[in-house]
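As written, the chain order gives the labels A, B and C, with residue 1 at the start of each chain.
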Amino acid sequence: MDVIEILATVGFWAATLRIASPLIFATLGELICERAGVLNLGIEGIMTMGAMAGWMWVYQGGDLWGGVLFAAAVGGAFGLLHAIFTVYFGLSQHVVGIGITLLASSLSFFLFRMILPAATTPPKITAFQVYEVPYLSDIPFIGQAFFTQTPLTYLALAVVPVVWYGLYRTPVGLAVRMAGENPAAVEAQGIDVLAVRGGAVVVGSAFMAVGGAFLTMSAFDAFYFGMVNGRGWICIALVIFASWRPMKALFGALLFAGLDALQVRAQQISGVFIPYQFFLMMPFVLSIVAMIFMSRSATYPKALLVPFRRGERI
Amino acid sequence: MAVLEIVGVTKRFGSLLANDGITLSLAEGEILALLGENGAGKTTLMNILFGHYTADEGHIKVRGEILPPGSPDAAIAAGIGMVHQHFTLADNLSVLENVILGRESLWSWRQDKARGRDHILSMARDFGLEVNPDALISDLSIGERQRVEILKALYGDAQVLILDEPTAVLTPQETESLFETLRRLVDQGRSVVIISHKLHEILSVSDRVVVLRRGAIVGTVKTADADRDSLAELMVGRAVVRPKAEPMAPGEEVLRLHKVSLGGAKLDAVELTVRAHEIIGIAGVAGNGQADLANVISGLARPTSGHITLFGEGPAQLTPESVVAAGVGRIPEDRNAVGVIGAMTVWENLSSEDIRRPPASRGGIFLDKPAARARAAELIEAYDVRCKGPDAETGLLSGGNIQKLILARALSREPKLILANQPVRGLDEGAIAYVHERLLAARRRGAGILLITEDLDELMALADRVAVMYRGRLSASYAVSEVTVPELGLMMAGQNREAGENSKDGARHAV
Amino acid sequence: MARAMRFEPRERVSVLAAAAAPLAGVAVALLLCSVLILWTGESVLEAYWLLLKGAFGTKFAITETLSRATPLILTGLAAAVAFRAKFWNIGAEGQLYCGALAATWVGTGLLILPPVLMIPLLFLAGALGGGAALLVPVILKNRLKVDEVVTTLLLNFIILLFVSYLLEGPLKDPMLMGWPQAAPIIDEGVLPRLVERSRLHLGLVVAVGAALMVWLVMTFTVWGYEIRAVGHNAAAAAFSGIKINRTIIRTALLSGGLAGMAGVTEVAGLKGYLTLDLSPGFGYAGIAVAMLAQLHPIGVLASALFLSAIYVGADSMSRGVNIPTYIADVLVATSMLAVVLSVMLTRFRIRFN
């Protein structure tokens, strides 16, 4: 089977959508934070925490959508912590972000171990089941590939235009974009910059956590250490690749997921000759390549990484 | 009834008393000028009015109602609009987006762009402020950006308009046009407060002048009763005499630019000559290539064509290091962002250009702190830098003292060429006089000085010859006696002295 | 409410306050973690007592703490040097493994020299390996303006996978069955033990020496001045003639080199051979070490010891009480955030309007 043949299989496209789903949530989340001017390096930890929180809710007997909401809330809480340090106190976004990732990751592992002290194999939960969209899933090929996914995938796709609308067509979205370009301009119009930036970070972090929850509640049915495996960092590269635009973020996530799905299948075919590690490397190498292509012409939000200190002698 | 009443407002920043018991009122339909030198407290007072700061004592009433302090939101709701000195605009967004920000509730799900666009266009018509709502700010000229700032301030039907140093970035003709707009506004019953330190402009547009000195009001006069000298004296507290250049014969060439161009349209075949004992003044509205010219001469940018001759030797590939080593003193435009490193000490900043040479270091590898500090102490003394000593943190010094530090660094090696870019921007009269005196002393000693400034008064007082930058092109240079301020203004707006095209021929150039 | 507060830089920060700030942060972190401990149902005092005993209670415990501190000192220095220049090197983990790879390549039979030559050679190889790993992100940043945070991070994953491939393939020790590990470092290259019947090795001396050297460079040399200047204000540094690109490259090579040396201490000192689990996150922990020390090279010695004590103590504590060992990571992360905040509060005054 060569590349063209792989592309012609339903399984490839279905896998692409599945792999893209957590990336879509997390990339949109980081995009919202960065548009407001805040680099959120806590993404990897928040995704891990979201994965654990969603799993924990269901494991303790809750329902699936409650788990998603719980994960979002937990993510938002860590976002609030990040915002207090970086937006309110104006501390280094790099340092605080790494600190939040370390904190959220270790806290999630700690809590997981508390709940399951002696498990050798992680217990499975009943995750989201595939939902076949009536009528649409009967369409040959397309139906099987695109309309036979779990509900969280449909949510991911639906959320993209919502974020687009929010950023470009609402007053609060304009305020968020302004906060990332010139916070003094926001302040001069009578809007609280700290509230706008903080709010963006909280909302973005909630998105990230839902992306993480996808991993336990739709993809793998269980939580295990190291399950996020660098997806958070890849999403930071994807935000740059998407030029901070929601639609391009969707495209980037799908493209990336497609290449990942391709790599998995290619591995199965030629694994004898090329060690599997090189295939596993592909997502990370691709992310770096994506950044190389986009960085030279990237128009960063002008006030990204610049803290806004109110009351300083202007 | 007074539209605005400021009563007993006092504000401190640490140990600095920025506003001291200020009481003033503004009548309907009045243009009030707030005059004072840099650091007098004018901007602080207006920032308190607009809610960026909260006063420590005192209160403000708008049409008899107390204005809630510390909230730009409340100020806007009370009908106050502010045009900031440093534009509060986002370059990557459109005019429309910049103006309607915050005008609708943040909780609303829809944004009415059409209404916004209509409102902007009708305001533009009413006040003569032509602007394209869909243009990106980054594509607009400085004058156009100011128009957007004004529209932003007026959008909410502001009755009181505050303008903070609005003419700093305008040509004389654009300034006149702005004043026209202001007169139109007050004819409709609005009131205007204009902050400025430019005497002739205040005299031409305002009805009343309030003079601030060191945070307190020292006088209130009707403009009709005032003149330049009395206002200047009130402003500074003593007779103001700015040093003027005495005539001198120019000496050898120290700098020559031969058809220097910089990528795109940043610099376009610039021809320039500076000689010893001479000050060449470069006028122009900000953003027409002055920064690029300074960068090329400083060694921070490499010309894409043409070449530079330094002290008769060339063509030279300039780097900041080679330029300093060759004996060029540079005073950068932005002292805080580029001139000094605020977090480092005074001695570290004084040695920053010579860090690899004695006395600052031994062998270019190890720092010689005692020697560097000793030299710093000498320079602090010689250049009157008020600070706690060589180990003081530079960022805590006042603007004037930071500029003196930069002067010390640039001038102490007796350079033969000095590049001074906006050397007195933001300084009080005392510091301005000091800087000008130092520059003139260097000129007497034999240095050639390239003075880039937006302040035409400074230019006319100090320069021997004057040239104007417009869209990356440098005009021919003229002796300062041959040219008037209005003519310079026209050239700054792109109209050449001879009616017609921009001349680039060599015959007219400075020799 | 938030509107009423404003931060004003203090005129002068007393030495006492500057030293007390990290301690205050750590104290707050300990307090917050005690809440977690309470939730597990264990006694807070007993837990912390066991932690302290586990780190310092016996001679063996002390040697364990010191030997765990060795790589942390080096990765802490790596982060401190880079962050001083505002070069966000988050790739110390990968650079550590590159250093270990280089030491493995040179030290498993390629060359046989007496120890007095072999050991410095291994460290040199490791430093070069670590520095080389950072070369690509640096060049990408200088030439193509690619942000170094993401490239150094992603490189960690790539390097680890590469090491995994090597350990299962070309570097696999032919003497062992099944388990992926490399051939052992030859005897001449193994770092001698400092204390009998312990795992404490010469690496500690090298690490302390490196800290002193970094301190000397940062405080007394022109290079150190340039690194600090570029980190504070790159535009002003460029204006005064400092070559930014060269400074960043120098900083990166130094930072990567230090992380690479950490790899050498683990491969040639602690374990004796390269495995995939050589580093339980020393690279990332190095960032916490650097922040707790406020980027000061000598302070790194103290904070590395502190972190090491927490890790070693927590291992021992978890055997005595029913608290997952991850409490150590939580404590470290909380300390890092608390210290960053407490340091800021000593430098700024809060003003209410």
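Keep this in mind: a contact is a pair of C-beta atoms (placed from the backbone, for glycine too) under 8 Å apart; a residue touches a chain by one contact, two chains touch by 3 or more.
Computed from a predicted model, the values in this text were never measured in an experiment.
Farthest from subunit C, judged by the mean position of CA atoms in each chain, is B.
Chain pair with the most C-beta contact pairs: A-C.
Chain centres here are Cα means. That of subunit B falls 46 Å from that of subunit C.
Between the Cα centres of subunit A and subunit C there is a gap of 28 Å.
With centres set at the average Cα position, the gap from subunit A to subunit B is 45 Å. Residue positions of subunit C with contacts to 2 or more other chains are 3, 8, 353. Residue positions of subunit A with contacts to 2 or more other chains are 311.
Residue positions of subunit B touching 2 or more other chains: 13, 53, 71. For subunit A in complex with subunit C, the touching residues are 39, 41, 85, 88-92, 94-96, 98-100, 102-103, 105-107, 109-110, 113-114, 117, 192, 194-195, 229-230, 233-234, 236-237, 240, 275, 277-278, 280-281, 284-285, 287-288, 291-292, 295-296, 298, 309-312.
Across the complex, subunit C is touched by residues 13-14, 53-54, 69-71, 298, 300, 319-321, 324, 330, 332, 337-344, 348, 352-353, 355-356, 361, 364-367, 395-396 of subunit B. Here subunit A touches subunit B in the complex through residues 169-172, 174-175, 177-178, 181-182, 184-191, 299, 301-302, 311, 313-314, going by the rule given at the top.
Contacts from subunit C toward subunit B in the complex involve residues 3-4, 8-9, 11, 220-226, 228-229, 232-233, 235-243, 353.
By the touch criterion given at the top, residues 13, 43, 47, 50-53, 71-77, 82, 84, 86, 88-93, 97-98, 100-111, 152 of subunit B touch subunit A in their complex.
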